[in-house]
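These notes concern the structure reproduced below.
Order of writing sets the chain letters: A, B, C and D. Residues in each chain are counted from 1.
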Amino acid sequence: MISLYWNFRVRLAWGLVLLAVVAFAVMAPGFLSVSNVHALVQSFAALGVLAVGLSLTMIAGEFDLSIAGVVPLTALITIAVGQSTSLVVGVVLGLLVALAFGLLNGWLTARFSIPALAVTVGTMVLTTGLGHAVAGGEVVTLTDFGIGLSLDAPVAGILSIHSIVELGLVVAAVFVMARTWTGLTIYSVGSDPARSAASGLSVSRAMVTVFVASALFAGVAGALQGISLAAATPGADLDTVLQAATAVIVGGVALSGGKGKVLGAIAGAALLSVVGNGLSLIGTPTAVVQLANAAILLVVVVTDGTLTRLVRRGAENAATTLVPAPAATTPQGGSS
Amino acid sequence: MEETPRTLLAVSGVGKRFGGVQALDDVSIEFRAGEVHALLGENGAGKSTLVKIIAGVLEQDTGSVDSVGGATGDADDIAMVFQECSLIPTLSVRDNLVLALHRGGAILRRSTLEAAMRSALSRAGLDGLDLDVPVEVLPLAQQQLLEIARGLAADSRTLILDEPTATLSDVEIAKVHEVVRSLRDSGHAIVYITHRLAEVFALSDRITVMRSGRVVSSGRTSEFAMDSLVADMLGPEHRIPAPGAAPVGGGPAPDGPRLIVEGASIEHRLHGVSFEAPAGEVTAVFGQIGSGADDLVRALAGLVPLSSGIVRLGERTLTGFDRAGSQRHRVAYVSADRVVEGVFLTGDVVRNISSGALRRVSRGGVIRAAAERVLARDTATRVAFDPDRIHTQIGQLSGGNQQKIAIARALATEPVMLVLSEPTRGVDIGARAEIYAALRDLAATGVVVVVYSSDIVEIRELADRVLTLFRGCQVGDHRVDDTDDARILADILHGAAA
Amino acid sequence: MTAELGSPPTADTRTAPTRTPSTISRLRHALTDGAVIIRLVTVLIFVVASIAVPQFATGENFQTLLQSVALIGIAAVGLSLITIVGRLFSLSVSATIAISAILFAATLRWGPWTALLVSALFGLLSGAVQGVLVGRWRTDPIVTTIAFAAIMLGLGQLFTEGRNIRGDGDATVFGSTVLGIPGQVFAFLLATVVAWWLHRYTVRGRVLSLIGLNEKAALVSGLRSWPIVVLAFGVAGLFAGVAGGLLGAQSGQGNLGLGAAFGFDAITAVVVGGVSVKGGRGSPFDAAVGALLVGLLGNVLILAGLSYETQLIVKGVLVLGAVVLAGATALDPTTRRGGR
Amino acid sequence: AEPTAVGTAAGDDVRGKRVALLTVAQSCDYCALHTQQFRAVADAAGLDLQVIVNDFDAGEQAQQINQVIVTKPDAAVVWPADAAAIMPSLARLRAAGIPVIVTNAFPQSDDDSYWATYTGPDDVENGAQAARAMVEGLKERGKPLKGDVVVLIGVPGTPGTINRYEGFTRALAQLAPDIEVVGRQPGNWDQTEATSAAATLFTQFGGPDLIGMYSQADNMLAGAVLAAQRAGIDPKSLMLVGHNCSIEAYDALASGDQYATVLQSPIDDGDAAAKAVITLLRGQPQPKNVFIANPIITRDTVSRCDAAVGK
């Protein structure tokens, strides 16, 4: 019952993923075909890497809006520099800029105790502006899009270099958050920064770590997307951030910090990708897709609320009945 | 006999300012190995500020903290048990202990630490606690014990305990004392802050009394007597007020509704408790952790639903009301968990006090600011809080003063019944007497007062009557002046009602 | 009643000298409030722009500026209630605005005021339903409002098939001026003043803040959160509905893409204005100032003749600067992080 | 609108062939009409049509194309969400042996072997038409070909925006060298954003020298009309030229606030794409580029837009 409290949300999300997979496997012929699974993994990895990056900041009790600007900015730098010099230099430069913004976000948030949402509204506008500056009003393309094609070419049927890199980052994040001291400090700081500081943990280090990670994940996603599309467009990509945030919350990571698992965020991303892929395979009209998505989200939040309360009550009961319930012969009161 | 133990930690000339408040002023103290050093003083004297500086949580403005004989540096060799809980709420018990136990290395090996965790828990009296339960669902007293376990787990040479026993009942306190003594005997230095003066003489080797941020006296425990200690703490111009009005049995019972509880039960926690409490009396509910005593008062306040049973207040049936409903029927509640439920930490005193009494200070749904201020001043005075500080943010007050505001919040609603849980947690002896007087005065005006307390001294001073619980069952119902401590303790320890 | 307690308070007596807060200490206190800093920054930019940017300080430009922030401001002021009651944000503001604009256009043949009423009621209803879910069923506000945005847009698409809906009537009445103030700007001022007054002076406004500050402590005082959450979402929806109606009135048309950027702009206004995302602190007025500040920056930077990318870069730096300044000066020991 | 001749007469030769239409936002009027017309023609020809929509998101469209490749349709019709980023996807479609019709946005590539046929507007030419409309209007009103012009552009850095702007400025420089484009601001194809952008443009350049404005879309121009009125400028005193002849222009042209627009009919656009795919499936030859008509529309010729605005 009690360990359920910690894990049921992750299980709920994965349960829904499984349900969706089974449903589409029945409804949509070709859903489980190797090439469709490849397409599915491609979109899952792209969403997953952003969702996981974002989940780190959310576990730390903050939110990184700036990835809406960092993703296109990294893509633009990668492609613009890649076109004029070499792609490697482009990627490196793009990632360095992303990291710089991660550092800036983390440092400002921690140093001045400002909600990161406010900080990253600023850096989002800033990165979007830089994106436009890099583009300089021109269309930014990579004439040789062969590299992009090989990046996305199937590896072992369902994977690709593109998705392997992204999934690698995802796995690393799962490990760090579940098994390392850094992960534990991030949880702790997210749960209560003042108490964490009182226990001698460095709040600033945790903040910088999560924002650098988030920017790095966004940067990698942006650079890879740029290469694979052989083009990049300036402008803030808020829709993507919103989708990533939805995935994270559906997976049980709370915006209040300190709660949830990276595995849950991954499940959220998987759920959104599977449903998106399945519905479009069936040929569902967009309006219906939207309504179906809404229905799933509502099911998740409503079940979640109810289950959380039930399980929590169970945990409280278990915790308070350290002293076992009375034996059959109940002593009677009333002396005096 | 007269050899002075080695000094482990020396505080010299430490000063600290918070805005307009000089919290510490030129404080110098030495803490020695193998000694329990009690740090005493009224609320806001600067005790917590001092130990936070020692532990490195706060930075001093002036002066220095030196770890004298220590091979290692400062903060690493000092473990601290905070006054306000410092456990990380959403983390499990296990991870909270890992935070204290971890010794370098990037990868966590939770399983190898398991033995150390278990031993720390068991030393703090928490055998059998589920390691995977999130700390936030634990009852307050268990959190306090866990806090201590965390301090013990680190096994540092200096251990600072800031009011570790404020929410614990005597049984648990005894357990804590046992641990503290054994640590002292093995050569640790222990800094012990408490407002329970009885503890001081039972446990400490040395006492330092602080007032207004300064050290006023310091010496071996044997050099102090209870009277002088109190005088040192409160200063020459203060005296402990006389007990409040309406002593038991004296005078006619005031008018007011009677509280009638019949067969109150909560699944797994409380089994068929029945009693009556007349207006004008203070009824105490007493029991160990898990006895259901605190659940009972929470149920009376409408915070936990009863699974069966009836609660009536005069003509009205309160059963089935939630907190908002019972508040509307003028049942006020003071929570033991000050930080979480007791006060709005980021609000000022005025807003805190008026929060439950907005109807009284508003007309047509519009708040009258002047009325609100008057209410705040008046109520602050009733709990002995300086009415000139009503615009202060609660988070800047000392723990004891925060507790006074928590009580003021309830008083401001002009309740018919007042339910309190650990009403003087962390309140100094002077203010405590004033709060008792205020509560007794309130009772004298015809209010039913029900209090859950884990402090037998408090029950003696405050209550007319004590109801004892053991494992969810009512085992005794005594007039306070008709019984003795041994009897009450026997009740709650064994359920052995004679 | 408290005879023995008449004695002077025993504790913390050393603070006695600060009897009544002096003007200076009040000023110092004000300067530790992030929202006040933002107001000062706004005024400062205003003054600097008036001196340094040639076309800025003209009546027409002020009108232009106010009109460009009016609708966003209305939405932001409503949204701030949700933030203050501790439920973060609504992400369905854009969708509410789009559907309200469509409804406005669709019902314009019954007269502009009826149409505006329909838009407003739609917003109120949609907000209140979300409020019931978030408040009563304790669902996550972000996911709930994302879901509702999808429902509104999905249904909207089924009904309009993605087409533009053209109003059959005259909506110019909302383009006219009230007391010399353009209609939309008047609506913005009215919305701000009403929301600010309700928040500052009424019982419900106070309860809103208290619940945002600490829901558990509010419950101990007998304050139920869900009715207030429903209220906050309802009013936020109402304001978004009005903004949508007025937007529809501008062109007498509505479509699903109308006002798409408003939702995010409103969130920006709330955050930049200094309303705490943790709940309880800040007021609808701050959100209005936030909207004004962001609009002001946009206006000044264009007038200063900067290219689009430079505008964005400078705007980003200035927003960041304002936010950091507000955060750095705000001395809030209870929310301040220790950190070593 | 009525589906026109092509499909109906030709019998069942393409009936049941599977075609995927990868289009962009459903919540834009133009896109919706485009899809509507495409569907009408495709249905009449008995095609098995699958419509896949994204929200102008190039990344998502790339994923969608991956998926389409899985279903192996007989042909794909692609409206690029991003005319540059579409190239790898087109390459992938070619590698999978799926023939492609590109509609609406001309891919940003010199190698046109990746698609069978492009149908849709010629944006450079569209911009030039707008310049011609402006010059003609000035002549008609008897004004000198001299003064300042401002431009409301779509999303900066995207081909449609760049090409229309390029066509406009180039043609204007040729036709009326004394007219200067003094400022431009992005309205991001959004009416409300365009309103603010236009308002500041008027504040900045709204002097006696300002003679006209070109807006790359009519809905943005509707915002500009509003901004002009608010700024106390009579829209009729300016030469306002828009684009598309969408419903907003219909009203503004009638009232005289807007002088002209360049017709780009979503019906023609969708129609051309559908016919091209049918021709393709039949294996018949057709031109590499099919540009849709882009006549200048003024108050007198506004009825030509009836179909385009769904009247």
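Simple rule for what comes next: contacts are C-beta pairs under 8 Å (C-beta built on N, C-alpha and C of every residue); 3 or more make two chains touch, one makes a residue touch a chain.
Note that this is a predicted model, so its numbers are computed, not measured.
The most distant chain from chain C, with centres taken as the mean of CA atoms, is B. The chain pair with the larger count of C-beta pairs in contact, out of A-C and A-D, is A-C. Each chain gets one centre point, the mean of its Cα atoms, and the points for chain A and chain C are 28 Å apart. For the pair chain C and chain D, the distance between mean C-alpha positions equals 36 Å. Chain B and chain C have CA centres that are 41 Å apart. Residues of chain C in contact with at least two other chains: 153, 157, 308, 332, 334-335, 338, 340. Along chain B, residues 56-57 each make contact with two or more other chains. Along chain D, residues 26, 156 each make contact with two or more other chains. Contacts between chains, counted with the stated touch criterion, involve the pairs A-B, A-C, A-D, B-C, C-D. Within the complex formed with chain C, the chain D residues making contact are 25-29, 31-33, 35-36, 156, 185-186, 188, 190-193, 195-197, 199-204, 222-223, 226-227, 229-232, 246-248, 251, 310. Contact residues on chain A toward chain D in their complex (touch as defined above): 30, 33, 35-36, 38-39, 42-43, 46, 132, 135, 137-141, 145, 148-149, 152, 225, 228-235, 239-240, 277, 280-281, 283, 285-287. Looking at the complex, you find that chain C touches chain D at residues 55, 58, 60-61, 63-64, 67-68, 71, 153, 156-157, 161-164, 166, 175, 182, 247, 250-253, 255-262, 295, 298-299, 302-303, 305, 308.
The residues of chain B lying in touch with chain C in their complex are 18-22, 42-44, 56-57, 212-213, 234, 238, 241-242, 244, 301, 303, 322-328, 333-335, 340-347, 351, 354-356, 358-359, 362, 365-367, 381-382, 384-389, 391, 393, 395-398, 400-401, 409, 413, 428, 430-431, 434, 437-438, 441, 445.
Across the complex, chain C meets chain B through its residues 1-2, 4-5, 7, 9-16, 18-21, 25, 201-204, 206-207, 209-210, 213-214, 216-224, 280-281, 331-335, 338, 340.
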